[in-house]
């Protein structure tokens, strides 16, 4: 199973995915039918164990759909475990400083180096001898390093964070970002839009892929792709199901003359 | 956790549900938000183990959403195991003869009687002494006996099957039924519609609740509720998610000027 | 792991056990500390999967505590699967006829013979050539065949059932038996006591071990051991925990001057 | 599922619970029958995965029994994951300094704030603008922050720890505390009692709920409730079962004239 | 995931596989590296649940390695469940009569027909109208029907069994067969060899693929391929590991001058 | 279950083990038949959950085979959790400084002490009063503290690391070590051999047991035992199976005149 997604985003192609939280293997048919490029497995918020992550990574990978896993915190050992389990990309949440990014790059691009030697290499990559450099490049080929930009401190240090060599992609986290901005869940707020626009622009300028994860209608994705985002990270199985179920049941109830609960249709899971 | 759904369908109320195949407990939020009356767990086609069924039954039951479980074949021991696991109703597939129905009723209404004594009671319920009769009625209070009508032989013997005392509800299985009729998946075929109409009518005449399980748009449900069905058994988590994901991704792709795969949007999972 | 329990019950020793439904491996400490001879795993009523049964059988067996598994119905293939999983004994529920017993013996004492050849051997064991007979005896050494006597029809055919060569032990099922007698849960009823006494006596006369499974206080076990039962099948983890928790919490609440719920202390889980 | 326990302990009511380590959903009947206010899930010592914790939290919560989860170490991300899984309260073990408490409060009362912004808010809560403050209060409504006091250093800094705004309750850990005092497991030692008494008094003075977790007879709980504890954290399923099983089996063995093992009846699991 | 193995065996190609009992997804690398055509999952003897079978089937299938599942007994519903889970082929054990084979074919080639209509079709396939026939052929395309020949009664009725239209392949079960012949485990016995030879020959004459499952050295497979077998069903993960581990450890121990246990190296797991 | 392996390695005996990644309980037969002293469970690289680790530890321990668990990073809480789950030994990866070793020793030899008091004891063990010292020694009896030496910085500080009182054994990690040396996977390189030799010698001089983990042929183990290693940590179930399967299938294919893939036989999983 070659890891092919990295090449795709390096070329600047749009890629399409959703967040999967159900670990039934039969679920994969939906993803395959929609010809997704990747699935997103979120171990920060969803109680997915390593074994389930491994099962899902191996399966989606065999189907040609790249598994990207969010780890609960930006610890290098967690990133390594996800690669061992079969992840193609690893996303670290709430990145706010350069040291976090460097350690994540260390885990994803210099495995199995660790400890003092790795710190040395991260400080001055030039110390790596060509043989070892090539070995590590092969060993880690195709691994994708993704970071979450989801707070104002991150926004303010964006250039510094993107400057770390090895960052391949950015996921903008709208919920945490809006809270950090003091305008919780106001995704149409002009300040919010300005920040997102800026992040997208800066990423694309440096050939870093970028997307924003909304659990809402496709319009949000369309909007931001038009602004330059090239990762479409659309909703999740649980949100799509819950929102559509509610709409369908409401429609049936109405047709049958029963009361419904339209007000909760905007629910974001 | 009182079992309350039986009283509801005995009153002739409409009840609403969907098929759940994901066993994440967080999934229950969608069902709760849509104010479902029941969830349907299909162990005939979906690889759900007894332990997962027990987890789901206990959870949905605690949330006030009645769990109805389809067993893979109409064996009484399977029905008993599902009640032990917390099911409120048990559905047996592809019922075609009176003996199957009687044994299912035996399992759901006369537990823990089994063997020769149960056969005797099923032949002539009058042999039950009042004390034991009352004990068994309490012991099995609220258990719902559902049968699948999904073949022409079943259709032809419908009265005979519904005559067995203790049948509470009928689920029509459109896929198997259409195959059995020689018109596979032609759900708009006049012959198919006639058969469905007849089953619904006969059931409601005898105060047997009735519904039909489609994994398609709400229109199918609306149509048949208007014809008298009072069980709305609408789609499944996997179908709703897969169909809607495809539509959403296609819409985004189109807006981005990419090719899509509209033809497969009718997919029924 | 030699299977040693059979020899013990053949000598007529008393053996001690409880029903375990928790599949945490740490649970085994309680069973070990109480120096149990066996644990009882009930796959008829408890949603234990084959994998969990295998985990528990291998663990308890390694600890020198014989695992006895009840299968949901007296089907030979289920008995074979439990032996494959590591069970030392297999209990079949609600036995009422000679054919069921013979097939169970076939599964437990003549594995891997099956089909026509096994039927032939069960009809006339003499057809087995000495070599094969010895091979099968070794292959199945230590396997224990247990049957549930838990209905009046079973009681009436007791001799016939015990006559089948290969039955090693009887578990009396008091709940089902009392229901079958029309005196549900009246375990002090003289008729109930007479039946139990008779079964115990008949079993011991034929060197068949016998016990009765109560989820109540130890007195019930003491009573019947004094009448000749040599299997102490005392309660279950879930019943012991639930009953004692209620007593403890009630005592604490009372001491704190709060209301309690003494009436439900008799609860039998 | 509203989170109601916090209001109860804020009123100073007594609350009752036990530690549950079995993850069978059927186990919940015992807790429900005893009308427990909460169950305690200990992921520090018991191998419970996130998925099982989520299953148990969702189930107990739906039954109106608040799930409180101990995390293995006082890391904020672990606290957040347990809230995501459905916990109502999170207990952090072996708290010894103010910074640990502040970060725990951050995780439980200011989600989804993290990183630099959260540190700033924890230093000077006044920086929070009213809108955001209200949003966060709603978002985290009912979350309970519990800390373990189980060492002499913690005891010595008790006021400092309790001074952190947001601490709702204290669990005293008698085993670790007695070891830290150099008098391991001597729970009747006057020094031990003095320390416990002091902690209870100080907590209640500040309207912080407090309890002590013993896996022994109810007397320990009664004793400390009389001294002011208002959380009854009584034993665990595994301890209650193991202790009572041993007593029962010993009683049966004695009545049958067999040797027993009374000495180990004091066992604390 | 197209099902391609059936076409391969219909062409008479040799196919290669092993039995997999470990359900770690990482295990698949070994199978892939050996370029296996199929893996064999044995739910008769190995405690694999439906969920694990589904996980393994979906994964191996996505890797282009066809999953073949043995069901515990030749019941049609079990065959259907395995196809639902993703199996490409289903093997039924200990087949001894024509009715068993017909029902298995019914499950694998005429799904979703069941009940009376299916019985009718199995009696006289000509009753199937062309439209429905084509629908069913598409619906079941690539499903492989395999039967176990592992007893003398089966051997004696071989022609009758192979005559049922729809049987695609035969697995010879050497252990059960040798026991049924009264020469247990004597796989070099001339009588045993004669029977195997005959079965292979008859199968190949009718274009039915055939193989024999040994958990021993490759020589057994080579021998029988040379006699005409075209399915290489070589050993299992558990046997290969156990046998090779013992050899390796023995070799190391010997080199270190320690005692070893050579006698058990022949062990067949 | 007494923990006996520590005494054995303190005597300087050779001990034999393999790495187990399959969590089927039936797998244990292979380990038992090879009379292993220990099994190695690697939670750093293999997705084994705590529950599976607990199952495996309890089972192997009951079989008299000591479970040694590698934790993903040298955090004391992880070591404690593995002991709680039943591990006899805990291995921490990539140790490079004295503080890591001291904290690991703290977790394994001074449980349940933690926090400030433990730091104090680790600085100056003499502060422990005799009573508490004895209590802790009993409480932690038989726990084995193992460290991974797998980098040049570790090699350079070897004496300093081994000087920490409480280190019982060293596992050399050849892959990481060779990468750290800039000669990846060159296990026959003279520099590599010199380093290994030195580590073995130093460990044995201080009565610290030592071994090196290869997933290759037994020769590697024999070589290093002859140089003084007394822990034989030979391969893994997944490597033994994958390597031998490939050899066997290649041999069969060759005998059948088909192409094979000899070049990949050296694969190291």
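Of note:
We just call them A, B, C, D, E and F in the order they show up, numbering each chain from 1.
Here, a residue touches a chain if its C-beta (ideal position, glycine included) is under 8 Å from a C-beta of that chain, and two chains touch if they have at least 3 such contacts.
All values derive from a computational prediction rather than experimental measurement.
If you take subunit A and subunit F together, the chains in touch with both are D, E. Look at the contact of subunit B with subunit C and you find different residues on each copy: under half of the numbers used there are shared. The chain pair with the larger count of C-beta pairs in contact, out of A-D and A-E, is A-D. Seen from the Cα centre of subunit C, the chain whose own Cα centre is farthest off is A.
Work out the mean CA point of subunit E and of subunit F, and you get 39 Å between them. Centroids of subunit B and subunit E (each the mean of its C-alpha atoms) stand 35 Å apart. Rounded to a whole number, the gap between the C-alpha centres of subunit B and subunit F is 53 angstrom.
Across the assembly, subunit E contributes residues 24, 26, 46-47, 49, 54 that each touch 2 or more other chains. This structure has the following touching chain pairs: A-B, A-D, A-E, A-F, B-C, B-D, B-E, C-D, C-E, C-F, D-F, E-F. Of all residues in subunit F, those touching subunit D in their complex are 49-51, 53-54, 77, 81, 84-85, 112-117, 129, 131-132, 135-136. The touching residues of subunit B, when paired with subunit A in their complex, are 14, 16, 18, 21-24, 26-27, 29-31, 33-36, 46-47, 217-218, 221-222, 225-226, 232, 234-235, 237-238, 240-242, 244-246, 248-253, 255-256, 258, 261, 264, 267, 269.
Interface residues of subunit A facing subunit E in the complex, by the touch rule stated above, are 24-26, 28, 54-55, 57-59, 62-63, 86.
Residue ranges on subunit F touching subunit A, taken from their complex, read 44-49, 52, 72-73, 94, 96, 151-154, 175-176, 179-180, 182, 184.
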